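Chain lettering (A, B, C, D, E and F) follows the sequence in which the chains are written, and residue indices restart at 1 in each chain.
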């Protein structure tokens, strides 16, 4: 049965940014369990594999939770999924989908997805949280573009992620 | 201390519509306690007094909860407030503000208010829920305009509200 | 009975602008009869009376039609109305409401009104036509603001309207 | 010569959805003839061939018209086209392009296309009709995504279309 | 004659906020002279008189310029104006109007004003600068609302302004 | 060192349109030097090579400047760049990025890019100028689509560009 206290936060996370981490941190304080769900989509070309993306999320989530003074990542779980999000949420027992919004730029698409998910399962709620304004310009693709061009991205991604991107970018070039 | 399971849903509710009631019903299932907070604003001209608005909300909230098969309005409380919402939320021990969004038309203003509330108290989260699409065109002012012109509004407001509006409109004319 | 070939174009027209006239001209070519309906709203403060607004619309509409090579205003009728537009459209036998859109700035409000009118009478359609781009910045209130400050508005309003505005503005000051 | 009573409704229709059918039904009541024009675009990858898309549209259009109590599809014609829509409209004698809008998400692109078509032929009008709110979340690509993942789409597409999608999806997998 | 190096930044500034000051500071570095123009509009009810608003702007502008290491306010002038901005810009010899945008919320209105000003005088350019994201939620009316309710606004307005608002608010109540 | 009087106007310009040229002309009057920077992006498929795009821009820029009564292109320079725009602007000594906005359709993306560029180098300003309303529907891709389908594009692109597009399109087909 679905639990109104289990939230699911879906995304590509290719890679996780400080904007994602801000949402993860804030959403985890609102529920009993937060499931961070990495979409496994064969058609979409990604820089990192699903496994690498999960690893980075787990490392980052653990640290964020610690900084709030609680034992690390106690209520955050990172998994992958395929197929429809509504189906996966039901399987996990999650009844609330969490989405972050950056200004209005993501709104229209997210609104349609939320209505679609409600059509598929009317017990599922989508809640929208605002991304911190300082991350308004931040997206995974911007981070990759910057790293590819040698810019400093240390303020944009969690610790450890910058090194992984640089390594990935270098090995792709080399 | 603020409880992450206490939500606050603020508004004018002049009068409550089926769109408001849909949000109240859905939000109440996500938290331990939902505080519906009616703004007491002397400068804004309203059709109903704060006390009338609270009475309509209480009647409506009780019935909605019943229809979900639970004892009526057990976790919904209707109160009035003055001053800043962030201050009132803190006094109530609420840490989550709930706002309903109709398509995108309310988004920009709500987004600024949410940022402002976060500036005032960074522990307060605002979550946005989508209004049911069938209520996209619905607002308290549209309801009043229709009632004033003799249209049937029975599908737009909770039971009992239509009679109160008609009475109010008739007595204002008479 | 409502005729799918009778259109209604509602507005305040305080005063008619070249943007309005562009819509009137184009819509009149699409239907058998176009009813231009001037809202009579006691609470809204206007520069011109309803009768003055109707007179300006009739003069302008006649000329536009002529320039298209047809006998003047043969299928355009200018009237006033009170109450709900959906009710008035039904009384006139009109089944299509015409609205002009300037870029996106009017869209959200108009969309809600169209949905509301469909709720009131599902046989009524609203069609949106784009305002000519050269009139994107044009509105009745901009025209009044400019005239009040002595700017040349001859390219913004139909012939005859500029004189009426100047006279009105001068007599209000005097 | 172009007839102001001949409308053209262009699209990919890959496949037709209940949202498209709603527009077809409503637009057909406003004009003498409605031409549903399926774009033949070699560069765009589609699930159905142009011929399959035309067949589904014809079947669906016939039934909708019947439900309105008139002989089936009497004024609806389904054809394919290549090249510029403005050119094709002129060839068909159509002077009005019909577009459906879902909330505001389609508006900006459609607005630019309408201006472009007016630049190409100033006698061509584009009218926008609102998609029924219950179809706000509906698009051909959402339908395909759902069908691909085994969801029930019977309420989203006309009768007969669901079977065709399932068959197509199964044969593509197999 | 108009100078392309003279900019004009118009507004109500009731009162100046840190968001305004950010634009003033950045725009002043782009031009030879920046004219900050306070609109004198009798119909609009303001908290501060035009003279008070000018005084606060002058104090604030002087300090900002200093912090950039240049002698205070050397190229910033604060004045009031009535009538049309386009006329006033011409009188000042300014050919560029500067406007700050907060996310997209101000865009549509500002866009129409800019087009209108270009209609009035095609040599006048309007340039839009983005407000710093940390001021996205900030407006003069929000500042007044907060101060009226006793909130700390020291991070939202320049030094000295908070005291003036408090004094004004207290004297209005008393 | 960056000069506040050196502006940079980046884009793909595949090919330059009259909308681009309008911005180039107006921006060049506001600064000492305008650098038109053609992005060299190997992953993006273009109709024209970078060298062809530069040649068309130089020809067009020279003529526009002449028509304003000044010796041709005296302060306009056309170059190509790779990598991050912020880095290239710094190398050129440019401190202001110029972007044209068509109605609101480009706004959200441009806003994010501007914030990102400010993150990379806080001394860089982005200013937005409105595209002339008559070019609202105009884009390089629309121009290519029209030319590919044999439409007359002489009013949409600078002299000389139409011939080059036709030649390119014909040689690609042949």
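As a convention for this text, contacts are C-beta pairs under 8 Å (C-beta built on N, C-alpha and C of every residue); 3 or more make two chains touch, one makes a residue touch a chain.
Since the structure is predicted, the reported quantities are computational estimates derived from the model, not experimental observations.
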Between B-E and A-B, the pair joined by more C-beta contacts: A-B
CA centroid of subunit A to CA centroid of subunit D, Å: 36
Distance between chain centroids, defined by C-alpha means - subunit C, subunit D (Å): 31
Multi-partner residues of subunit B (each touching 2 or more other chains): 103-104, 108, 111, 115, 133, 136-137
Those chain pairs that satisfy the touch definition: A-B, A-D, A-E, A-F, B-C, B-D, B-E, C-D, C-E, C-F, D-F, E-F
Subunit A-facing residues of subunit E, complex: 103-104, 133-134, 136-137
Of subunit A, residues touching subunit F in the complex: 102-105, 136-137, 139, 142, 145-146, 149-151, 155-156
Sites on subunit C touched by subunit D in the complex: 4, 26, 29-31, 96, 101, 103-104, 107-108, 111, 114-115, 118, 125-130, 133
Residues on subunit B engaged by subunit E in the complex (per definition of touch): 83-84, 87, 108-109, 111-113, 115-116, 119-120
